[in-house]
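For clarity, chains are labelled A, B, C and D in written order, and residue numbers in each chain start from 1.
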């Protein structure tokens, strides 16, 4: 259910409607738009009686939302969501393409800094690196944990790039939220609803990767889980789905980009590294993703991929990363975008 | 790596080999077989030097295991794993077919008892019921939680049936382990490795459902996660995979049964309710599962499916459940099985 | 559109309605049932005006059929279709399970007779063997063609078994229709609509295999192509679909059996050989297919599978075939079936 | 098997090697390259003895080809295949992007000319239109047949565009080869091996669409079927594969583009119309295809899509087509391509 306020509704009227909704035992989610504010109603208690709501002052109309997702829906919020990072000009969503780059795993301080220096020099605004790794085998390298988070915090201080890293459970979620700028939820946890709810109670942006066999509706419902707890800064990420095709590790489903943009206001990135699993396919698919309208790219870069502890075969070299940015820069204007180079950090905020 | 002990190796020799392995920083998993004991070696530290191991007394040979799973592999343990329940004659694996039945969700004490009475009367040895529900929508019924666990504990006391219920995170895992007899890990959490490891540290059997797009190797690797922490009582469960086919909710992949039995010693159940999503397909697929060699069936039964808070359309009526058991009883001998009716609880143990 | 005649309608009335339909430029398909006759209307000319039809004498009602398939639908013909073979007691559909067995390819007279003798002795009523092989590679063995058809005709004369073999184009279709008893259309040709139409103009039963990624509706629409030309003897065959799963050559989708039986009156066989691609999975899946309600099994048998020119790894030995029949015989009564052993050929007809 | 000739081998030497191969009962396929000629050997007779071949004069080496496809492999022919059209500057493959546009079906002379005029004006070099339609339903519009072929021949005369249209069986294949410039083989016939072989005996380029569940190897093997009969002008076309995803009609698998270019020398087009099934996704996916490196686009355009007899919802308007070309023109240089506008027909040849 969605309460649409009149364009001239006052902040007091909006607050009063929210309080009334909460009083009924539901949750109210005010969603300010350019023209008018809408208030999403969520809760586990059955239906609200719309009659009383329509009579409150400042209310324009009450809409029964048919899609199972509400807060993630463009019906509820027409304007694109842009996730901004305080104290910087970095953003995900909007006119600028976001570029997230770094190694699959943080393996050592030396490795991380070597890669960070090169991707920062090429123009990345976001640095990614795994601290907690969800590996298929219990005997595989599981990440450096807190040590990796500390290394990435140093990288942020030194190069200004904002940090994106994955949380895999309650414990790592708290630490990631403390040390990083964006909390990544991986494909295998896309329907770990307990983790999604906990991430929804934090106030850090969440990068949510599509599950290997998730439909678009399930994907948006998982975003809804985060949003229903009050965290509206969700960034979607297509990373390939599982099909019969064997010429790539996964089948990158770029047609989800226009579909997401039709149904939702959330930004969507593409991961051509996991999406293909092959270094020689990363650049073509990164170009394709931007041409299809993605809000940015998240890509694995390693200065010595042959020595990487994980995902070496799909990591590109720093020189390829620089070429990739040059190519994306040329495609960007065709889809009404620009590719910013490097990050501008304001002096005051941390 | 797997150390195979000589048939005549003494318990002291076995213990000495285990201590040596642990001394090197690895974990040793003694796996007693009918003829001889094998010791699995797991760990995150690279390769063991096999030379020294082969020289220890009582060692027959040291085998490098090529499959990424070790403890779950039939190479390591030739005999079928049978999960037994202390104080009862109930078992999963082995000659007897295991029948697990009950509602999708525990909705109330009345509902749970009404169903429990009927499935117990028909001959079920295990009762299933959801206390914590991983729902696609944050706005859907999420389960009664601890209250449901208490109701199911009462059902165990009253009818003798052992209790199977799902854990979805650390919090519910502890409670489920405390109150129930089998911890279910759902399809959406099959690669929630953090949860798998925690379940591996408990000493309750784990029913692990196959993920919607999991390969057999990934499925066995998830079992391996549980086993690598020392909990060897893992029960696999096929519940349908995601394909393009739209005549059923999922495509039940019964050909995984002979494949699992070739590669692993773990028992495998089939869930024809989630596997089809349609009441009229549950009986045919339950029969097919047993005919294909499954170790048992887990099925949703509801006395008023049209009023169920979840999964009504795939829940069968108690009368259908009774018919199903009659049919399975006739098929069982063709695959060298029998269908026990009801549970026999020994007076002494709880 | 479907015209349902009154129970007491005369043959003349039925004929008059058909003539009227044809006069309008459509095709009329009289479908006699146990109680009353229905007349299916098909054609490429838009909608029939139902008003005039309802006024014809003997007409009970005119039904607009919503499913895109009509003649294949159970709405049009409530009774199960049973395909009978003149001069014998062999049938596909109905109470008796149909067993079709033989080598993937006819490789020589000796090979074919050696296998035929053993499957006939075990009780097969139908012999299968490839004369024209649709091979993925142009360099692979493509079948003996007409020579194979002649060998199979000899086998029919000698052992009484009816012959099932595949047609792959117009040329082979004519020959197969001339020499064999059932025309098989393979999975790769399931949507070769031109071939389906030509098969529809013949008066030999058609065994239609499901395409590797065909939905149930597409499968029934392909049956409809054959039926729309006047050949109503279509036998469906599930042979596995293509999924991400890699533990079997294909994923055998047995849940299509109850779905077909709900929506269509056509019989459905299962091919556990192509459905699994592994000898050790053929028996479990054959048992499962019968338990799920299939009308029969089509299975590859070879006396020397290690020397087979095609599909050796999935061909079972004659002794396994005999065991399989013993197992199926025991499961059959659970699903209201019997397994006839061997074929009874009447003296008079050929 | 592949015979690589020395760089300085004479035409006589090449001819002598071919004759020797044919004398052994195999087929020889001379494949002239920029530097040297290779000769592919195909046939259904087992292995050639390589020893004798290596002793023939002019032979550099004899290579056993491991991939099941030979003629389609880049191992055999390193240079990209470019399909040219006599008397024009039109080409598929090479530096120029090929644009094929037109309606799904030719519905009437007026409709076809209205669309042709607009796509020609925008700059299309190839006109597509269905004369023989492989429709899922036997009751759907099946195409105008020969009448449509005549209309398209008129369009070629009037606008210069080369004609691409589908053949569905032997009869239509002969007519299409007679009237059109490119023979399309549709996705449903990708493994209609009999049709592929017949197309291989013609001397018109073949546009081969990927089957809905075809692996890359199967796709190249189907190209091989055409090439093994002597027709080397095969153009591949990605048109989406079947997956569980339901936000688009099919899942367009663009990652096959770099994979095809690694393994084969054949050009590859992309069909974003069938690949998505939605008008609003056609432009994004057309841009993505070119950015990923496709050799061109085949797209459905209709001046009145709401009245189209087939595929209306995925047909774009002529104005969208013109916008699309503007966008592709800007992306082309990033991948080393140019977008020619319109066709230049030489006076002399027809």
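Brief remarks on what is shown
Following the convention adopted for this analysis, contacts are C-beta pairs under 8 Å (C-beta built on N, C-alpha and C of every residue); 3 or more make two chains touch, one makes a residue touch a chain.
What you see is a predicted model; the values in this text were computed from it and never measured.
Both subunit A and subunit B are touched by C, D.
Of all chains, the one whose Cα centroid sits at the greatest distance from that of subunit A is C.
Residues touching across the subunit A-subunit D interface largely coincide between the two copies, over half of the numbers being common to both. Work out the mean CA point of subunit A and of subunit C, and you get 51 Å between them. Note: centroid distance subunit A to subunit D, computed from Cα atoms, is 39 Å. The distance from the centre of subunit C to the centre of subunit D, with each centre set as the mean of the Cα atoms, comes to 35 Å. Along subunit D, residues 213, 241-244 each make contact with two or more other chains. Those residues of subunit A that touch subunit C in the complex are listed here as 242-244.
Those residues of subunit A whose C-beta lies close enough to touch subunit B in the complex are 42-44, 68-69, 134-142, 168-172, 188-189, 191-195, 197, 212-213, 218, 221, 224-225, 228, 241-242. Only residues 213, 215-216, 241, 243-248, 251-259, 262, 275-276, 278, 280-281, 284-285, 287-293, 327, 330-331, 333-335 of subunit D touch subunit A when the two sit together in their complex.
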